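Here come two complexes built around subunit A, the first alongside subunit B, the second alongside subunit C.
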Partner chain A sequence: MTSSIIEIEQLNFKYSQQAEFLFKDFNFRIENHEWVAIIGHNGSGKSTLARLIDGLLQPQSGTITVDQQKLNVENIWEIRQKIGMVFQNPENQFVGANVAEDVAFGLENQAVPYDLMHQRVRAALQRVNMLQFADQEPVNLSGGQKQRVALAGVIALQPKVIILDEATSMLDPEGRRDVIQLIHELKMQHDFTIISITHDIDEAALADRVVVLDDGKIIESAPPEQVFAHGKELVSLGLAVPFSEKIKAALTQRHVKVPAQYYTEQRMVDWICQSISKM
Partner chain B sequence: MDLSINFKNVTYIYQPATPFAHRALSDVSFSIPEHSYTAVIGHTGSGKSTLIQHLNGLLRPTSGELTVNDQLITTTTTNKELVKLRRQVGVVFQFPEAQLFEETVLKDIAFAPKNFGATPAEAEKIARKTAELVQLPASVLEQSPFELSGGQMRRVAIAGILAMQPQILVLDEPTAGLDPRGHQEIMELFAQLKQQQDLTVILVTHQMDDVALYADQVIVLEEGKIMAQQTPRKLFSRPEWLHKHHLDLPHAAKLAFAIQQQSNFKFKELPLTEDQLADQLAKWLPKEGSSN
Partner chain C sequence: MNKVLLGRYLPGSSFIHRLDPRSKLILSFYFIIIIFLANNWLTYLFMFAVVAGCILLAKIKLSFFWKGVQPLIWLILFTVVLQILFSRGGTVYWQWGPFSLTQTGIISGIYVFFRFVLIIFMSTLLTLTTPPLEIAGALESLLKPLKKIHFPVYEVSLMLSIALRFVPTLLDEATKIMNAQRSRGVNFDTGSLRQRLHAVVPLLIPLFVSAFNRAEDLATAMEARGYHGGEGRTKYRVNQWRLRDTLSMFAFLLVTVIMFLLRTW
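On to the complex of A and B.
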């Protein structure tokens, strides 16, 4: 066996009310400790894929293997303990009366002993920089802070895989930056496999690999800089492109000879400044 | 009729005279001219939503007063006095598809005109016209709105508001949660509608690129007070001020400032969009077919 943490083979899935299959003979794998960003327009199948991996939806046929275990009705609860999910709306996933209780909720469900639970809650809050808010009520928190608490709740359960399902899309720009910074830090520590489903190009840029999904098919699967270099194709798929690619397109329209490879915004500024001084 | 909006010393306090009293708007005065496109920006909790809920009298000032389309709204204005105004001011709240409820798309859009006294036949006619306006394909009109994609559900909800044929359109983050294409299509739709029907548009947003593209004036709110009211170009020309107030620049302006800092290049006019940026830079950059 390889080191794949998630392996999907010959998966077929359709929603009962729909005639067409969304996924047809779909294959996909994610390596252990890999960070994968899945991008695609609304309805491309991103969230459906996350729900299939977590066993919230059942495929018509095919296998999903999580951490060497084939997902089935018997082991679904065991497998769900290996996967933590953070959803889009910070208001919908706060269940505790205060921050610490909210983080403890999942541990209580798993009957973790009190002392250990206390330790894990504190450690998880520490990791998301929310320890000083442990006694606060949710009304006192911003959207970004609530999402950090949601992430702490997931981390406390020590899953192997964390799925972020558009976890930053309802936050204001500061909250979004804040959460993206946090997931960047988590990534540096390499403890988890992370799947982030997102429209946010800054979030996708942090991943090891970007997977472009379109109507249940993988169109591209490559490091971010390689995917982002295809600005035009991304736009035609209804996806966002990094601003540096938008500038390149606007300059190309004006017959400027732009660099072919993907540049970050800073490299784009460098290139423009150097080119101007040469003229 | 004067279609402008005028706030005069408006203060709004949630749960006044209780320990939970919270002052959401503090002595706010400003005007919005008719047929303008105004962006309202500020952080979560700055008072944006409270402010827009005054525009059709969903909230009435705790003190102060405002006029919208010549209708005076004070602390004591009754719902009955506001019936006419509520037809003239269409508010698209965040995630408006949460308010869909009818069996079919057509019925959902026809609900408001019917409610405001149109006959079923008239209401259906308006609904069909409005569905076309928001570019919903005719094939979905008899479907349940709940079977549609997120982007189409949003269009149905927006059509429901437009079917009231409002003169003022208030948009509270109307594209939140949509994918980039959905975002662009809906924003372009509002820009077109404003043109065609000469609407007054008020947009609450966090996206500075949209402020730059669409708005002709910006109102900045912070802790219930107005910090600035000016054109986007003036506002975005003050990066230090924006930074101090934790507000972003449009992407193009940010890049322009970075270029100016790192080189001797000076932009004649601050670019707010990628086209404006490319226009000013193009002649200084190597052309296709040149050797370097």
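On to the complex of A and C.
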């Protein structure tokens, strides 16, 4: 068979209050250890997709297979153990009375024995660099710190898949960079499969594959460079234009000929240096 | 809102701080019961000595305890005055209609005053030395026997701890909404009672709506993290009953015995 960790086949889904199906005969697969960024404008079905994968929403028809197991009512808790989710609002997903207890919440649910639980909570907090905050209450933490705690809660569970549902959208630039950096490191070290739903260009740039979703349909599924090359069209997809693309647009306006394909910031710098020295 | 002493906790590492929250909870309740054994000067004096000893052990400034009594002082004085004016017996000093000032009345008024102060001191000591979440945890393990009669112990304690965790968050939000509404011209501080009540509506409704949204988000997050009811969970926080807890139990047993002796002195 395949090495896909998540397979969605012939999925049909609509919210009960809606007349139209959001997803119609939707097919999607994610390979093991892949980092997929899902982008799209508001209401394109990104968050719904994440909730469907975790079994928080039930499709009208179709199958969702996670790690070779078809999602159904019996194995839903087993499958949720394989998926860790981090949501948008850092305040509203903090269950525990303090940091350590919040990280432990998922482990308590899995009935992990006392000693092992304490060990894993410590290790997870260490990993996200929040160990010195273990006894702090959520009021004393910043948004970025709370999201790091949420990530620690996910790490402690040792899932196969991590879903980030706009996990950085309510953070300030610093907290956002911080959390993205952390996700990147985690991916490098533990080789999780990561599904990140985002409006953030830096987060999408780190992914192996960017999936553009529009009204429940996949418009494009390609590596970030290829998607970013669309330049201005990105704005209508609900994503900001990368900085290098902005420079290109500004240069084009001033009648400078620029390369058509996407350049990272570093390559853009190199290209500008070369162009100037040629003049 | 910072003046509220309710649920305030002062971190420390005194003997009382390190006691198991369960024993602190039991002893506080027990103290309230045995205080009703006190019936003469000697017993009240002894109870004061016990409370003073506990306060010394906790190493907390007395001013905090005064702050605990302060908001209730009018209630206490009201009860004391009622007690004084309506009790009969002993020498009558003054009488007018149903009101009278008698020896027994004055004495029982003073006793009531002491009783109140002692109870408040002890409960303040409990909240100052125990974090709210530990009290919630202790309550859960003490209520465990009620499981036999199908009382949802775990659910109640989860609700309690989530409620405690969201108190500061909701206070923050209430202040934020209040300021936002002020900036749009809502006046919370002046006007007739009717007008003031009316002004509270633009504060309450957004607060309710956002609490609903929070609950929804929290429930989703909890479910995603594998929460499916109180059954079959392990606990991260486990209380440990140590020698000092047993010792304090014995100390209070001794207090009870002395109380009985002093009663009949």
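Basically, the second predicted complex is superposed on the first by the 276 of 279 C-alpha atoms of A that agree within 3 Å, B and C clash if a C-alpha of one lies under 4 Å from a C-alpha of the other, contacts with A are read in each partner's own complex, and residues count from 1 in each chain.
As a convention for this text, contacts are C-beta pairs under 8 Å (C-beta built on N, C-alpha and C of every residue); 3 or more make two chains touch, one makes a residue touch a chain.
It should be emphasised that the depicted structure is a prediction, and the values quoted were computed from it without experimental measurement.
Asker: Output check: A:214 vs subunit B and subunit C. Expected answer is one of first, second, both, neither. What do you get?
Answerer: neither
Asker: Can A:257 be said to touch subunit B (first), subunit C (second), both, or neither?
Answerer: first
Asker: After lining up the shared chain so the two structures overlap, which partner does A:97 touch, if you call subunit B first and subunit C second: first, second, both or neither?
Answerer: second
Asker: For A:9, using the defined touch cut-off, is the partner it touches subunit B, subunit C, both, or neither? Pick first, second, both or neither.
Answerer: Neither: A:9 stays clear of subunit B and subunit C.
Asker: Applying the touch criterion given at the start, work out whether A:233 contacts subunit B, subunit C, both or neither, answering first, second, both or neither.
Answerer: After superposition on chain A, A:233 lies in contact with neither partner.
Asker: In the complex, go through subunit B and note every residue touching subunit A.
Answerer: 43-45, 147, 149-151, 176-182, 206, 246, 248, 251-252, 255, 258-259, 262-265, 274-275, 277-279, 281-282, 284-290, 292
Asker: Using the touch definition up top, name the residues of subunit C that touch subunit A in the complex.
Answerer: Result: residues 132-133, 136, 161-162, 164-165, 168-169, 172, 213-214, 217-218, 220-228, 232-238 of subunit C touch subunit A.
Asker: Which bits of subunit A are touching subunit C when the two form their complex?
Answerer: Touching subunit C: residues 51, 54, 56, 77, 80-81, 83-85, 87, 89, 91-98, 100-101, 104-114, 117-118, 121, 137-139, 153, 157 of subunit A.
Asker: Across the complex, what residues on subunit A touch subunit B?
Answerer: Residues in contact with subunit B: 17, 41-43, 88, 142-143, 166, 169-170, 172-175, 199, 238-240, 243, 246-247, 249-251, 253-257, 265-266, 268-270, 272-273, 275-279.
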